[in-house]
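Each of the next two complexes has subunit A plus one other chain: subunit B in the first, subunit C in the second.
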Partner chain A sequence: MLLFSLRRLNLLLFTILLLTLLSFSLSYLFPGDPLINITGRVLATPEQLEVLRQQYAFDQSVIEQYWSYLVHIANGDLGVSMSSHIAISTEVLSVMPATIELTITALIIAMFFGVPIGFIAAIKHKKTTDNIILAVAMLGYSIPVFWLGLLAILVFSIQLGWLPSAGQISLLYEIKYVTGIQLFDIMLSDSEYKWQAFQDASSHIILPACVIALAPATIFVRIARTAMMEVLESSYIRAANSKGLTFKQIIYRHAIRNASVKVVRHIGLQFANLVTIAMVTEMIFNWPGIGRWLIESIYQRDYTAIQGGLLILSSFIFIVHIITDFIYAALNPIARDTHYGS
Partner chain B sequence: MKSDGDKVRKYLQYGLTGIAMVMGLSACGDNNDLSLSQNSIVYCSEGSPESFNPQTITSGTTIDATTNQLYDRLISFNPNDNSIAPGIAKSWHVTRDGKMITFYLRKDVHFHQTEYFTPTRTLNADDVIFSFNRILDTEHFYYPVSGGQYPFFQSVEFDQVVEQIEKINDYTIRFKLNHSDSSFLSNLATDFAVILSKEYAQKLALENHKRNIDIYPIGTGPYKLKEYHAGSLIRFYPHDKYWQGQVAIKQLIFDITPSNTGRLTKLLTNECDVIAYPIAHKKIGERSDLILEAETSFNIGYLGFNTQKPPFDNVLVRKAVAHAINKQAILDAVYFGQADIAKSIIPKASWAYDDSISDQEYSIPWAKSLLVQAGYKNGFTMDIWAMPVQRAYNPNALTMAKLIQVDLQKIGITANIVSYEWATFLRRVAQGEHQSVLLGWSADHPDPDNFFTPLLSCSSTITGSNRAFWCNQKFDELIQAALATNNINQRKKYYAKALAIVAEEVPLFPIAHSKRYQARNNRVKGKILNSFGGINFSKVSKK
Partner chain C sequence: MARDKIYQEEEFPSPLLQLWHNFRQNPVVMIGFGCFIFLVVLAIFSPLLTPYSPIESHLDSLLLPPAWSDDGNISFLLGTDNLGRDILSRIMSGASLTFGISFIVVIISMFIGVVIGSISALTKGIKSSFLNHFLDVILSIPSLLLAIIIVAILGPGLENTLWAIVMVLIPQFVHITRNAVTEEFAKDYVLASKLDGAGSMRLLIYSIFPNIIEKIISQATLAQSAAILDIAALGFLGLGAPIPLPEWGAMLKNGIDLFYIAPWTVYMPGLAILFAVVATNLVGEGMRHALKLRKES
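Coming up: the complex of A and B.
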């Protein structure tokens, strides 16, 4: 386990170093003065720029510049946004929780529907049910998310009027920012309209979360189906069968539990996919998360924000991967012997 | 002991019940929701304000978010007939020579009490004098705050007009003018001439936060600012001591939604009660719970002829072109029917509008005969300069130019369409390089002088806003005479004569007065959109 941990941490370190290198080189690749790109201080006076030049070692070689950039990152300083002039780290911290709230809700929805449906498909292997599930899963996986999002707004918001089309909560409710995760913040607030606000916020999250959940859910269907089929063909199931256990007993007592372990691993791997889909969805549903923030930074040519945002987002996804790897390894001793990270 | 199968089934049951509960809750949300949303109005606006002080800006988006919501003016425009109505000044008196104007202030005007300021006194003459001296006096301690730019007041040369502002007593002030100016009262009634709190300004100066006066506003208007997040929302609370009585709602929210389709969606899903500049008018019309409103704005879109250059130095040619253009077709294709036909430069809502002036009739034979009279039997080739940007008074100049091109072809005139990048375009047009140009004008206040002087006076041929380069002594005398008197009937007569000259000389071909649109849910009552100036939420209520 120690070797495994070291190997993973090593991987983490080098990947993040590479990411910072990429992010640093972006300030040279973007148009404009690299020093302004890296700091975002578009309003700085010549004197202030001179101070910054020294701080970022821009009067020295590129290697030293990169090193001082790393030192700034290590201190949590990613520069300021070119458009709002607020520190990038502050901005990211204020939008990140909304994305986490949305993706986790979507992940729960995807698992809740995807995994059981996959199990059913495996149990009904090569029957009509299996075929229908596979066909629908394929269809669901191929639908582009921006189209699905617009369609969902058209049907559920405009035609049926069931769910709101934009935002995290109706602007009428004043919820104080504590954790940034809206549903928690509502619970913590002392607003007299707390309960209404909670309902309003949950109705706001349903549509975007379901849109994000569709693609991962279809993947879960296929993973769960394969896992269950493998388990059902294994010798201990056959043994249980020959001992005379009923089909129900075999499925509920042995098959589901063993198949579930195999699914867990893939949940972490789906996270990167989920965040990508969430970025587009946030734009469509006007969700105040990091995806929308990043895309708007691109519109505004806010290079410092693009740089910092990409660095934080990719590191975040990578860290989640490593954590799920650890969890999986803790659950499943065989995985610890795998030599190469996947 | 229960079997695992039972357990799984149990979990499934719990899960499903949970989902059913959340669904149920959001479905029945409508009933409980009434208390808050019934008392609040969400307005979907098209952009973020640049400042919270209308003195320092000219943008319509900022005016909409500030003037009528946060502030009051000495006097204002009556929304029904655009005459001047009392505001903070309950009455006023103009001396016979028009050079001294005395305002008598109300004594019951309270400033906002907010988290950042608690007023200790009501409004008095000091506040009014402070507000105007900030603009007029370059030595004033607040003049340079926020860049020292007061674009509206600078454009009307306010400092040239006002000699001095005097405090007679706590509730009486007197403006001394250098010369009589009948548009002076109109200038004071514009959305820009708001009254700030001197007490607040002094407090900020002590704290060395002078800039905050334009960021955290304190006014006397029907609403006070609660919070503002750029690009996201503005939250207003009612001003409980508003001198016209507290408003009927508990919250006013500006939901900043720059996307046209985003605003439409929010209107259709009832997330917004009122939206600015709606698209898809037909779709809104189909819904029985939505209302589409239109108000003719004080603007004019026109085709200007360069009267200094051949062939348009000949009035017959100008008339021929005017008769050859199908105005109705332009209104349908470019404004989608969302505008009024312009017969003169003055819109119908203005008191200077003259019914007796008729439209140039669309008639090809007539145009042809005029062209023959002018000596262009075989037509000629000309340029039409089309502005490259979209404006309320001309949503698509290029399409308009193409329509005119086709119309002119019928009388043998070949027109080439010319367009440059906006800044270059304006510079070249100001230099008179064009033969004819599609442009427009939005008035700053309803006084008709704001159309006559900038568009067609001799002096504005030099400053560059008279793009026809048309200078007529008789016309100039008439509009000067109209400015020198305060008698409205007298002014009307002068302006009617001036309009008759314009109709005879055709220095420009008026096309349309476009409308401003707004859509709302029918639960929202009360007038919001006025034919002039920013929107006003002081009279709204919700059913």
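Coming up: the complex of A and C.
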């Protein structure tokens, strides 16, 4: 387990280093002066620029420039936004929790529905149920998410009027910023309308989270189905069968556990996909998250913000990836020993 | 067509032909394949087939609903948008933009990816390990985010969208080619031709490519459905095709403001994207199923 952890941490370090290299090279690739791109100070006077040039080692070689960029990142300094002149790190910190809240909720919804349906499909393999589930799953991951989001708003917000169509919470409620994750903040606050605020916030999150969850859920259906079918063909299931266990006992005691472990392995990979979908969905539902912030930065040609946002968002995805790897290794002893990370 | 066996001779179809025999067993997949061919034909011949020009305004018939509704007009089968442009014509010419470009994108990135992948499979040591890690990093960045960033570097526009998505798809092809070539290199028949004195280029072209081509094609269908969705998403975000072009995602974006008074301006392009993606996915699905069947037999 120690060797496994070291390897994973090594990979994490290497990856984040590569990501910083990528975001550093972006300041040269984007149009305009690299120094202004990296710092975001468009209004700086020539004297201030000279000071910045010293700070970011832009009078020296590229390697030293990269090193000073790394030092700045390590100190939490990602420059300032070109349009709002607020530090990128502050802006990211204010929008990131909303995205974490939305994506994690969507991931939970996707797994809650996707995995059991996949198991059912595997158990009913080559029957009508299986075929119907597969057909619906294929439709699910073919629907363009922006279209689905619009249809969901039309049906559930406008025609039926069940759920609100935009934003994170109604403006009536004032929630103090503690963790940034709205649902936690409401629980921590001591407002007398806590319960109403909680209901309002959860009714706001349901629609976008379900829209995001649909495509990953259908992929989980397929992953869970394949995993369950592999497990059902393995020899320990045949052994359990020959001992005289009923089909129900086999499924509940042996098959579900072993198949679930295999599903966990794929969560990390699916998460990147889920975040992509979340970026577009945030735009449609006006969700104050990092995806909307990033796309708006692109409209405004705010290169410093794009650079910082890419770095933070990809690191977030990779950290979730590594965490699921650890969970998988903790659940499955076989994974720890094999040639992992090679 | 049934193939009669007159002679005792055993027949050994090539891997690709075998794949086709398995592929056409499934009727649903064949329907998907038919739709795929239909889209390809539409993408090529849409300028000849459309009833009107996609950017021609009919100012006397703005926001006409589709023909099957009471207020519809049969000369505009799917209705018109807020500038009086015929939606059917726009969707048909959109096929050559959204679907046609995704096709080109996949072919370019497949070519580049396969070349890089096979070179990297032949190199060993620190260079290949670095490439592997680098690919992992690129693959961990969401494809749409990467495409958006490349568009931010190049500037918005349809041609830049094309290159952005090409670059996003290359790593996947490198990854799959690399793995397939390394896997194939370990097999005995490759060793046999190696003992005959074949160089690595010859091995790649004559021994390995005929045996991995179907894996690459099945990856290509996956990549194409992703490419269609990404082109449409970029168009929807206003970073892809410029305003008058009838790209499906951009049409959808144009329809949002009218969604509540003229929902068909949103329904139709969305359905077109869905149709294209489902057809591509069905072909890919059938291909993977046929591959599995061939491996088992």
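We take it that the second predicted complex is superposed on the first by the 338 of 342 C-alpha atoms of A that agree within 3 Å, B and C clash if a C-alpha of one lies under 4 Å from a C-alpha of the other, contacts with A are read in each partner's own complex, and residues count from 1 in each chain.
In this section, a contact is a pair of C-beta atoms (placed from the backbone, for glycine too) under 8 Å apart; a residue touches a chain by one contact, two chains touch by 3 or more.
The structure displayed is predicted, hence computed values, not measured ones.
*Asks:* Could you look at A:V136 and tell me whether it touches subunit B, subunit C, both or neither (first, second, both, neither)?
*Replies:* Neither subunit B nor subunit C is touched by A:V136.
*Asks:* Quick check for you: in the superposed arrangement, does A:L310 touch first (subunit B), second (subunit C), both or neither?
*Replies:* After superposing on A, A:L310 lies in contact with subunit C but is clear of subunit B.
*Asks:* Looking at A:I158, would you say it contacts subunit B, subunit C, both, or neither? Reply first, second, both or neither.
*Replies:* Touch partners of A:I158: subunit B and subunit C.
*Asks:* What is the contact status of A:S202 with respect to subunit B (first) and subunit C (second): first, second, both, or neither?
*Replies:* first
*Asks:* Under the stated touch criterion, which partner chain does A:E174 make contact with: subunit B (first), subunit C (second), both, or neither?
*Replies:* First partner only.
*Asks:* Is A:A272 touching anything from subunit B or subunit C once the two structures are fitted on A? First, second, both or neither.
*Replies:* In the superposed model, A:A272 contacts subunit C only, not subunit B.
*Asks:* Per the definitions at the top, what is the overlap between the subunit A residues touching subunit B and those touching subunit C?
*Replies:* Comparing the two interfaces on subunit A, one with subunit B and one with subunit C, the shared residues are 158.
*Asks:* Would you pull the subunit A residues touching subunit B in the complex into a rising list?
*Replies:* 84, 112, 116, 153, 157-158, 161-167, 170-174, 193, 195-196, 199-200, 202-203, 206, 248-249, 251-253, 256-257, 286, 288
*Asks:* Quick check on the complex: what are the subunit A residues that touch subunit C?
*Replies:* Going by the criterion above, the answer is residues 11, 14-15, 18-19, 22, 26, 29-31, 138-139, 141-147, 150-151, 154, 158, 272-273, 275-276, 279-280, 283, 294-295, 298-299, 301, 303, 306, 310, 313-314, 317-318, 321.
*Asks:* Where on subunit C is subunit A touching in the complex?
*Replies:* Residues of subunit C touching subunit A: 133-134, 136-137, 139-145, 148-149, 151-153, 155, 225, 229, 232-233, 236-239, 249, 252, 256, 259-260, 263, 266, 270, 273-274, 277-278, 281-282, 285.
*Asks:* Spell out the residues on subunit B that touch subunit A in their complex, using ranges where they run on.
*Replies:* Those residues of subunit B that touch subunit A are 3-5, 8, 12, 15, 22, 25-27, 29, 32-33, 35-37, 40, 42, 227, 230, 232-233, 235, 251, 253, 255, 257, 262, 265-266, 268-271.
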